[in-house]
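Read from first to last, the chains carry the letters A, B, C and D; within each, the first residue is number 1.
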Amino acid sequence: MNFFKRTIPMIIAFVMGLLMAFQYYVPHESSQNLLKVVTRWGMIISGFAMFIGAYSLFHMHWNRIRQKVSGWGYSIFVFIGAGITIIFGLLNGGEFFWNDKQAGTMFDWIFDNVQVPAGATIFSILAFFMASAAYRTFRARNKEATILLIAAIIVMLGRVPIGTMISQYIPVVADWIMSVPNLAAKRAILIGVSIGVIATSIKIIFGIERAYLGGGD
Amino acid sequence: MEKLLKIDRRIIFIFVALAVTIPLLFRFKMSVPPTRHVISMYDKIDSLSKDSHVLISFDYDPSSKEELQPMARALLHHCFKKDIKVIGMTLYPAGTGLADKAITEIGDEYGKRSGIDYVFLGFKAGSSLVILNMGEDIYTAFQKDFYGKKTAGMKALKGVSSLRDIDYAVNLTAGGIYEAWIVYGREKYNFDLGVGCTAVMGPEMYPFIQAKQLMGFLGGLKGAAEYETLVGHKDRAAAGMAPQSVVHVLVVCFILFGNFIYFTTGRKK
Amino acid sequence: MIKKTDISIMTWILIAFGIINIILLATGKLGFNAKGIGIITAVAITLAMYSFLYKDNPVFKIAENLFVGVAMGYSLIIIWFNILKPDVFEALIVPMFKDTEIGPQYSVIVPTLLGFFMFLRFSTKLSWLSRWSFAFIVGMGSGIAIPNFINAILLRQLEPMFAPLYTGSFWGTVNTILVLVGVVSVLFYFFFSMEHKGAIGGVSVVGVWFLMIAFGASFGYTVMARMSLLIGRMQFLLKDWLGIIQ
Amino acid sequence: MIKLFITFVFSILILSCTSTAFAMGGGKSEFQAFDTPNDSGKSITLRWPSSPGESDHVEYVVYASTTKNGPFETEALRIKSNDMYEEGSDSSYHLAVVETDKLFNKEASDNGSSIEYFFKLVKVSNLDSTSIGVIASATPKGNWFNSSRLNNFIILIIFSILTLCCIKHAKKVPGLFIRKIKGLDAIDDALGRATEMGKPALFVHGLNDMDSISTIAAINILGRIALRVAEYDTPLKVSNIYPIVLSVSQEVVKESYLEAGRPDAYVEDNVFLAASEQFPYVVALSGIMTREKPAANFFVGYFYAESLILSETGAATGAIQIAATDAFTQLPFFITTCDYTLMGEELYAASAYLSREPLLLGSLRAQDIIKGVLIGVIIFGAILATCGVDFISSIFRPG
């Protein structure tokens, strides 16, 4: 049984990894066709994978309701929201889900008037916290933080029209910060992170890194 | 003095709300001179001939809508004004509603029709895999468009078989997907790519611009406002520049004031 | 835990919200149709979210949970219409039972099967089958990533570093040298096999300065981003709902 | 095994070099057509010498046919005569690629890819059209190795061997050297202060599940903190957002208490699931911070926008705060609100330093070697390029 649980996944990862890595160096048409077929398969599997997120979300809220955790009542609203949206989605404006998607249905109305305002607003709340943190906590508590805050202030002023009104040099300095020190640091970070990505990929292909398979035997 | 630092944060919240609302109500005029990265995107699209193909990937969801939707609208105005064929798509499931709305609304303004002058391909899962698949063949990645119409033989896609045939691609991104577009799209299939991103991602773009991996970039609402100015279609982004300026000044004052008190009252340990 | 003052604040806000909407509907500024009702719903959700700024409260929690549910429901329906329906249902299943122009695409069977295996993750007995799907996706992703990252990031980002340092102008030369120093020193900072002492310590301190300036830039841009979101919402409230600004 | 692999690699490299050496042909001064090297077999490259009188108003037109005698009616290419010069030929040659699969309708190209295509070059000006050059022909064929990507391939091989060898080496030699990470001392100081004040310490996990490298690193750091806490007898609270991370954290904390010889002091409820979504997580943690006023807060793992609210609330309660994250967009806020911050890869290094796992140490060492090589390459490449030598940049040219 261990063969099916442990060895086969590692063989699959090894074969697929090696095949796709070498595919890059082979310009022949058959190699292009391989890439085309395999990526299409991957797209379909990724589609299925999105249901896993849905399952964990519903499962967790269901458990909260079942175990009557404090504040479990709010979890009911997750099911109400999802239920109504899915029902109208399946109704598809009277054409039902096995036909093509219709435009301007109740499903779209819910998206426009519930999901869009809620999603857009929840992150705009951070604007307020940003300002309060600026007042109460962003401190030049050491040399590093001082450099950071000075650069931040110049960029903040230099990137809006009012910066030019204060001094014509502010946008120039802001532009220099962005395209010289910022560029250099970001490039080094990018190179470092990419080396990490490549190293992790190599470890996955050779079966050294197995965290993605989950725990257990 | 130290008491000043311990005021209720809700008082600060009121300051922020006022700093945003008052400039919106009194409509201060602020000129938004376009910067070079925005101009290079504008010039690229402006240089395209009639019936060229521009691909716009709407990779964001409602949480970044206020920054990226104005960008999308300004770009669409430019493309439709120049009779360029627009291919829309998204790699975020919640991006479909926003993208569809933007394309249809602005398409209607210019009398453009779906399937002939533009096409909205919809959503596919797998980000980098979708880009690779489109690079090999756009019709296997998207066999149907968002409304279930067959893509093969569609007039809006005439002459396009893969990403290699796209004249210009713009990735409107709220997260790390721009990297997939550069690594698996632009570098592998050699097309010109521009990025419009939330301001949070803005500083990350500079290494790519200098290495000429990106042609043009719009950063946040400011980028959108500059593009609106260039297209000559000033809308919400341009109107947002006055409150943006005021609120930036407010935040800078907060930081300076907070630090001033912090240093004058002696740093607490 | 809910105080009396909070309840009265809540009631007054609700009354004010109701009156404003009645006025807007009565004066015809908002139509009594899907669009008008939609705007009122959206405003209600927006204000419910902002109520969090006063304090965490049940109205906010209800709106938030509702949002989580709606967002998930929306994604599921979009996955059906955009992926499962065209790529599995219509490509494989419908042609098996009905005559269509093109026959069933049998190659779709493999990913469909692997897709279903993923759900077995939640079963206790067969969860090992889900590992096959993960191994397929992750192995393929890793294989594709390696050469593409070497090309698009390592080689392409090194390319501009090999430009001559002397660019013809004084400031141009200074900037090229600064970029070179910055890249090298930041790479040194993230170098763990040597103690940061002496010369290497000095280089890594320079690296920290570059990092801090870059983080300062990110800081400024993030403030800008959050404020833009707020401006957008305010425009919605003042323009689309109240119609005060044009 | 490794020898076999290396031989295999070299044979591929040698083969690929020989096949392309002939493709680019010599400098024959006439119209040439040949199979485009390094492609899938769907194009042909045309090359011809420049002729006098090239300008914006004069065009080159190439007609294609599948038989030698024509008719040459299909237009394969139309360019301005002062365009598309061959790179490095000093404008003395034109070079153009023609995609053959788009030339004729399906039937012609369906006969397999081994058809011979014939091309005729014509120079057209406003006044007259003169045919120059003779007819040239070529058969497109698919190539099996893209030799312009040879350097990429070599980097891949070196990188793989290096990673595998370093991990093997780390298994053999325990305790591979890693420089001291300053933030780790700060952790001990913070815990010491919490003990002095008799207040709890709070460990906040990031928002990624167990499959993310950041969370794995966070678990390793949690192990160290729990061990210290058990020795000092300070309560430790650990907040999670994912059930799997929760159970792993409970296990790790329990083990640390056991290792410190105080299994009785372990309270399972102190490692808890705070919420399941981003904002509820913030709300729950802000509540804990303001109510219990922990003396030390640790934010470890991958964070999103919530980082700002969390660390701001913590700073307002006067706690010592230490953050460790590889989320670069959130780092600025941690740096300005926390007393010490581990940035980016320092998080992985700290986790390798504490866990002493050969897998982590080995791959960290491999990455360090690559980084070291790149630093050298960048410095030498820039200096050589300044002197006008493009030796290094030609080795690292992207394909």
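Just so we're on the same page, a residue touches a chain if its C-beta (ideal position, glycine included) is under 8 Å from a C-beta of that chain, and two chains touch if they have at least 3 such contacts.
On a predicted model such as this, the values are computed, not experimentally measured, just so you know.
Counted by C-beta pairs in contact, the busier of A-B and A-C is A-C.
Compared with chain C, the chain whose C-alpha mean position is the greatest distance off is D. Centre-to-centre, using mean CA coordinates, chain B is 24 Å away from chain D.
The mean-CA centres of chain A and chain B are about 17 angstrom from one another, to the nearest whole unit. In terms of their C-alpha centroids, the spacing between chain A and chain C amounts to 5 Å. Chain B and chain C have centres, each the mean of its CA atoms, that are 13 Å apart.
Residue positions of chain B touching 2 or more other chains: 13, 16-17, 64-66, 93-94, 97, 124-125, 129, 132, 146, 148, 187, 200, 203, 207, 210, 222, 244, 247-248, 251. Counting partner chains per residue, chain A shows two or more touched chains at residues 21, 24-25, 32, 40, 42-43, 45-47, 49-50, 57, 100-101, 111-112, 115-120, 122-124, 126-128, 130, 132, 134, 136-139, 141, 144-145, 148-149, 152-153, 156, 159-160, 178, 182-183, 186-187, 189-192, 195, 198, 200, 202, 212, 214.
Contact with two or more other chains is made by residues 52-53, 61, 64, 68, 71, 74-75, 79, 81, 83, 85, 87, 141, 144-154, 156-157, 159, 180, 183-184, 187, 190, 211-212, 214-219, 221-224, 227, 229-230, 232-233 of chain C.
On the side of chain A, the complex with chain D involves touching residues 21, 24-32, 57, 60-61, 122-123, 126, 129-130, 132-133, 136-139, 141, 144-145, 148-149, 152, 189, 191-193, 195-196, 198-200, 202-203, 206, 208-209, 211-212, 214-215. On the side of chain B, the complex with chain A involves touching residues 5, 9, 12-13, 15-17, 30-33, 35, 61-66, 93-94, 97-98, 100-101, 104, 124-126, 129-130, 132-133, 136-137, 140-141, 146-149, 203-204, 206-207, 210, 222, 241, 244-252, 254-259, 262, 267. Those residues of chain A that touch chain B in the shared complex are 32, 35-36, 39-40, 42-43, 45-47, 49-50, 99-101, 103, 108, 111-112, 115-120, 122-124, 127-128, 130-132, 134-141, 149, 152-153, 156-157, 159-162, 164, 175, 178-179, 182-183, 186-187, 190.
Those residues of chain A whose C-beta lies close enough to touch chain C in the complex are 4-5, 8-10, 12-21, 23-25, 37-38, 40-55, 57-59, 71, 74-86, 89-90, 97-98, 100-101, 107, 109-128, 130, 134, 144-145, 147-156, 159-160, 176-178, 180-192, 194-195, 197-198, 200-202, 204-205, 212-214, 216. Within the complex formed with chain D, the chain C residues making contact are 52, 56, 61, 64, 68, 146-147, 150-152, 154-156, 158-159, 161-166, 180, 183-184, 187-188, 190-196, 211-212, 215-216, 218-219, 222.
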